[in-house]
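Listed after this line are the structures, all set down as structure tokens.
There are two complexes below, and they share chain A, which is joined by chain B in the first and by chain C in the second.
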Partner chain A sequence: MSALSSTTDAGLVARCRVGDDEAWEELVRRFSRYVLAIAQQGFRMSREDAEDVFQDVFARTYERLGDLRSDDALRPWIAQLTRRTCIDRIRSGGRELPDPDVADRERDETLERLDEALSVREALEAMPDACREILDRFFCRDESYAVIGAALSLPAGTIASRISRCLGKLRAQLEGREPPSRPS
Partner chain B sequence: MQQLLTRMASDQRTPAAGSAAAATARLAAALVTKAARRSRDVWPQAGGAIAQAAALTARLEAIAQAIESTYETAMAALDSHDADRIAHALPPAADAALELSRTAADVAELAADAAHHCDQAHHADVTVAAIMAEAAARAGAHLVRINLVIRADDGRVREAEQQAQRAHQAAAMLANER
Partner chain C sequence: MMDEMYDEEHIGELLRVLRPAPEAWIQAAAGLPATRRAIEQIAALAGMDAELRREVLADLEGALQRAGLQPDPTLVAVLRDRL
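Let's look at the complex of A and B:
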């Protein structure tokens, strides 16, 4: 985790605008999986095409960061930029976009899911180390209670309770968040 | 459930014992979920237990599929009498059974945790959940032990027994509380 991982999106944008390389690296790290997921899950692109979209999106983000009217709106702005880049790429490849109504609906649902996942990930990163680690081990790495207990030197029979308490904190963290602003 | 029972009772090779044990563990996780859902008034962290039960259920679904497919492959290898094929096909079946023991033991521990926080009207539900999960963990350990290419001193046999023991401790503790 970098020192900037707890910096808000608006804080990152402000630092990127004055040429802070470390802030730019954190911005790319924070949104890289999001951009790839929109391309691959929302537009069903191949890994190679999604990587091309990734390059284009971050090149345009770097060039146009000054156009962003509200620094808080970084996430929806990147989402919109990614959508447009995906559509341009599909059209330039001579491929047909699927039925627009069905595709838009499915894509909106996918984007909503991805937004939710990103919010959970951000909230998780803001959690105390002990909670982040135990939740990551159980929900992301699928480790058993026994493995978690041994790795973290926690008494057997207490892991499920600890996970529940940490989930409670994560929920409070998420509920205390502002919903992402609309793209500017 | 009816579909599983029909398939289980059919003359096809699978689903068989491992799938039945995995389904038992999934039912146990569902009982924990019910107890947690009905205890929200007295248990602020009930949502955490529900989320863990959902994660364990998802793992058990994947394990059930792995158990079926590895068992089919192992039986086809045995039918072929090809020693190399048998040597390659049987260990994954033991790995899937070991994973069942691990996950079922987690369900038993989750049930034990739920028993101490849930509305006590549901103590019997989570106790039965722990007993069912223990049965599934023990079944997994048995399937590891009887795998033809696994020796008695194999680490997987030992670990599966430990997982079954872990599940037993959780279930025995609850059964002795009432």
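Let's look at the complex of A and C:
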């Protein structure tokens, strides 16, 4: 977890604007999963196309950060930038977007789900290290109890109960029963 | 904060949705400010010396390599535009 993990999106943008490279790296890390998921899940891109989109999106973000009207609007701005970059990529490859009505509806549903997932991710990032790491390893990296136990020096038999306990804390945080350490 | 109540199974499903991006991709994007500064430096030097500018334009990849940068097509295009 970097020292900037608890910085708000607006705070990161302000620091990036004055040339803070660490803030820029945190911004990239914070939105990396989201950008990748929009490309791969929202637009069903191959890994190669997703990589190009990923690099283009962050290059455009870097170049256009000064155009962002409200520093708090970073997330929807990056989402919109990613959508546009994906569409440009598909069109430049001579491909057509699938049936517009169906595709748009499905894509909107997917992007809504990704937005929800990012809110959960942000809540996860605000959790204490021990919970964040075990939930990330289990749910996001598909690691087995044995692998998690070995990596975190925990008996494999205790992993399930720890995951359950941490999920409960994450749920409480999402429902506002526990204050997040980083405001969104 | 979320508007609706979440059960833990649903939270788990949402956690699974956002997979980590490859670290190399993140490192490449995180290195953008340093990369752009190096390009600005090449452009600034080329702006002061017409002969150097011609040399850089004739071998954009080489100029990027000499600055310690990987001359991928995107960077070559950025440098060309900058010049």
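Here, the second predicted complex is superposed on the first by the 131 of 184 C-alpha atoms of A that agree within 3 Å, B and C clash if a C-alpha of one lies under 4 Å from a C-alpha of the other, contacts with A are read in each partner's own complex, and residues count from 1 in each chain.
Throughout what follows, contacts are C-beta pairs under 8 Å (C-beta built on N, C-alpha and C of every residue); 3 or more make two chains touch, one makes a residue touch a chain.
The shown structure was predicted, so the numbers you read here are calculated from the model rather than taken from an experiment.
Trainee: Tell me the contact category for A:35 with respect to chain B and chain C: first, second, both or neither.
Mentor: A:35 sits against chain C, while chain B stays out of touch.
Trainee: For A:124 in the superposed arrangement: first (chain B), second (chain C), both or neither?
Mentor: A:124 contacts chain C only, not chain B.
Trainee: According to the stated criteria, A:88 is in contact with first (chain B), second (chain C), both, or neither; which is it?
Mentor: Neither partner.
Trainee: Figure out whether A:145 sits in contact with chain B (first) or chain C (second), or with both, or with neither.
Mentor: In the superposition, A:145 touches chain B alone.
Trainee: For A:109, decide between first (touching chain B), second (touching chain C), both and neither.
Mentor: Neither: A:109 stays clear of chain B and chain C.
Trainee: Once the structures are superposed on A, label A:21 by its partner contacts, choosing first (chain B), second (chain C), both or neither.
Mentor: second
Trainee: Looking at chain A, does chain C or chain B touch more of its residues?
Mentor: More residues of chain A are touched by C.
Trainee: Using the touch definition from the top, say if A:167 reaches chain B (first), chain C (second), both or neither.
Mentor: A:167 contacts both chain B and chain C.
Trainee: Go through chain A and flag every residue that touches chain B in one model and chain C in the other.
Mentor: The answer is residues 139, 164, 167-168, 171 of chain A.
Trainee: Considering the complex alone, what residue numbers of chain A touch chain C?
Mentor: Interface residues on chain A, with respect to chain C: 19, 21, 24-25, 28-29, 32-37, 41, 51, 54-56, 58-59, 62, 113-114, 116-121, 124, 135-136, 139-141, 164, 167-168, 170-171, 174-176.
Trainee: Once bound in the complex, which stretches of chain C touch chain A?
Mentor: 1-2, 5-8, 11-12, 14-22, 25-26, 28-30, 32-34, 36, 74
Trainee: Which residues of chain B touch chain A once you look at their complex with the stated criterion?
Mentor: Touch list, chain B to chain A: 44-45, 47-49, 51-52, 55, 59, 102-103, 105-106, 109-110, 112-113, 117, 162-163, 166, 170.
Trainee: Sort out for me which residues of chain A touch chain B in the complex.
Mentor: Going by the criterion above, the answer is residues 138-139, 142, 144-146, 156-157, 159-161, 163-168, 171.
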